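Shared between the two complexes below is chain A, which has chain B as its partner in the first and chain C in the second.
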Partner chain A sequence: MSNLRLINETTASSVASVSITNVFSADFDIYYLSMTTNDLSTATDNNYRFINSSGSIISASSYDYASLFMPMYSGFTEGKATNGSSALGASFGNNGTEGFGLSMYIYNPFNSSSYSFAQVQSVFRYPAGGNQSYKSISVLKSATSCTGINFFPSSGTYDNINLRVYGLRVDS
Partner chain B sequence: MSLLQVATETVTSATATVTLTGIDSDDVYMVALNNVQPATDAAYIQLRFTVGGSADTSTNYDRAAKELRADSSFGNSSATNGSTINFIQNGTNTSETHQNIIYLYNFNNSSEYSFCTFEEASFMYAEALRGRQGGAVLTETQATDGVHFSFSSGNIASGTFTLYKVV
Partner chain C sequence: MSYIGTQPNDLKKNIGLYTPSKILQLTKDGSWGGSLELIQSQSVSGATTCNFTSIQQERFDVHLLQLDDIESGSEMYSEIRLSNDSGSSYETSNYQRAVQYGGTQGNFGANQSTSADRFTILNISSANQPHSLYVYLYNLGSSSKYSFITHQAPPSNIYMYFGGGVYTVAETINAIQVLNSAGASFTGGTAKLYGIKQI
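For the complex of A and B:
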């Protein structure tokens, strides 16, 4: 049996945010998340925040991130922030039908004794006619038990979104 | 993608090294490190590959990475003919830990070099988010069968290390 276990699949259309709740638990410490077919109504940032065990989105100014934009048509650029209210987890989407792909590893979200970390790799189309790939790391600097994750674009909506969350099982 | 666990070790009391072995096929393998913390402040974790279960301590490791930093401009980190593959310095305060996904290539092939890619997310001893994204190679034509971790100084205080086969 695979040690990569599918926990949740979520699809949505024309929504301003997507919350996946009750997916992080004591069963796993590391999670893999995929996001596909993510057309945005507006070309904009794609952000994420964790959801605590009470079901509330954590929007405190406790997120740090560092990201590398790798356009396929020009030089690379850096992005970074400390003490933000969310993390730039996936960068830009598009306002067409070209699609979007993202892979993300999430560490220790449920562990109330440690910070929650994430890594993202994505590829997307922005601006029109220009493609980019993207890598980032981020941390929620709060030793809080998180049971879910929320994604939201800075403006507009997700026309279509598919999210899958897997746990990396460790058998002792 | 499917992952099959090959070996794992969870450190709960200080130990000098962690070795994971069991690579015996030409598949790609993956190592996941989580919540790895040093017993000594400002120590960085070091990766070596194993031959017959023992760390290859030669000076044949080459590495290159982009270092993402939330607190300052990014850097490039590279070295040739090193004795280890090095990562960010971690600390002993809350969550000054190391997380990493490492893919291993050609380990079982005695006619090729052994390669890896890594994606690190660390909270360093100065309480800043940093991580190296890159790759490394052991420039020896030999079969390697696992990975070996230690800190640059002192012991491994805690952490979980797991080796998976990607099938």
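For the complex of A and C:
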């Protein structure tokens, strides 16, 4: 049996944000999140925030990230921020229907004595210029037990979004 | 069984003990065996290409391709091409890429293209030196979407790489070819293709 375990699949349409709750637990330390559809009403940023064990979105100014935008048509651009209320953890999204690809690894979200870390690698259609790839690392600088994650665009809505969360099982 | 405990949103709850009937039901549901399904593993040694022609694109919208200890007698990049006719031919246009690399000798840089004939520069190694990498491939089975990849390679004896690529034709992809920039016969290595389960 492989050690990748599907925990949740979420599909939504015409929503301003997507919250995936009760997916992080003591059973896994590392999670894999995939996203294959991310159709936005307008081309903009994707952001994420963690959800605590009470079900509340953590929007305190405790997120840091560093990123690299990699257009296929021009030079690369670095991005970074500290103490933000969310993390630019996902990348720009496409506002068409050509598709999308994202793989995200999340580390120690449920551990109440550890910060929660994530890294993202994605590729997408950005209508203003063409196709881009994206890489980022991010951290929630709060030793808080998180049980879910919330994605939201900087403006507009998700016309369609699909994502799955898996746990990487470690057998003792 | 090692899968102990009840997960939130379990497809089928369990307490760590599987009875034969549960195994049959999990198999029927597609939940038995974990969510990383090996489609095919091939040795690449002795060939210039390695083809996957039964990729089960109708079952998976995310594939994982893993190349382990790939090497040849020439300096080479690992590369990928896609097919829309089950491997009878492989597409030679409409590939785009963006790659960041970092060298063990200190030089970092970027490489991009909007008019490539394949996904290339996935990793590099010198003659008779192995390298490894992994690639996630997205939406291959969708006739209405482009095909996307993200990839990452640990440092070989020369460089590390990560990046992404797009095959900018909305069509169903049903075969994948692994090849190398030198056109050389591989002298060692294994290519493994997995599907990431959706159910």
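Methods note: the second predicted complex is superposed on the first by the 169 of 172 C-alpha atoms of A that agree within 3 Å, B and C clash if a C-alpha of one lies under 4 Å from a C-alpha of the other, contacts with A are read in each partner's own complex, and residues count from 1 in each chain.
Heads up, the rule we're going with is that a residue touches a chain if its C-beta (ideal position, glycine included) is under 8 Å from a C-beta of that chain, and two chains touch if they have at least 3 such contacts.
Here the structure is a predicted model, which means the values were calculated and not measured.
Per the definitions stated earlier, placing chain B and chain C onto a shared chain A by superposition produces a clash between them.
When the two structures are aligned on the shared chain, A:Arg125 is found in touch with chain C, with no touch to chain B.
Set against each other, chain B and chain C differ in how many residues of chain A they touch, and the higher count belongs to C.
Judged by the touch definition given at the top, the superposed model places A:Ser114 against chain B, while chain C stays out of reach.
Once chain A of one complex is fitted onto chain A of the other, the partner contacts of A:Leu4 extend to both chain B and chain C. Once chain A of one complex is fitted onto chain A of the other, the partner contacts of A:Tyr134 are limited to chain C, with no touch recorded for chain B. In the superposition on chain A, A:Thr36 contacts chain C only, with no contact to chain B. When the shared chain is aligned, no partner comes close enough to touch A:Gly156: not chain B, not chain C.
In the overlay built on the shared chain, the residue A:Leu68 is in contact with chain B and with chain C.
Note on the superposed arrangement: chain B collides with the chain C stretch 128-136, while the other options among 20-28, 74-82 or 128-136 stay free of clashes. Touching of chain A by both chain B and chain C, each in its own complex, is seen for residues 2-4, 68, 121, 135, 169, 171. Against chain A, the residues of chain C that register as touching in their complex are 2-3, 5, 7-11, 31-38, 61-62, 96-100, 110, 112-114, 136-139, 142, 144-150, 152, 162-166, 168, 170, 196-199. Across the complex, chain A meets chain C through its residues 1-9, 22-23, 25, 27, 34, 36, 68, 70-76, 97-103, 121-125, 130-135, 147, 164, 166-167, 169, 171. Of all residues in chain B, those touching chain A in their complex are 1-5, 8, 10, 32, 34-35, 66, 68-71, 73-74, 94-95, 97, 99, 101, 119-121, 123, 128-131, 133, 160, 162, 164. Residues 2-4, 29-30, 64-68, 78, 80-82, 105, 107-108, 111, 114-115, 117-119, 121, 135-139, 141, 143, 168-172 of chain A touch chain B in their complex.
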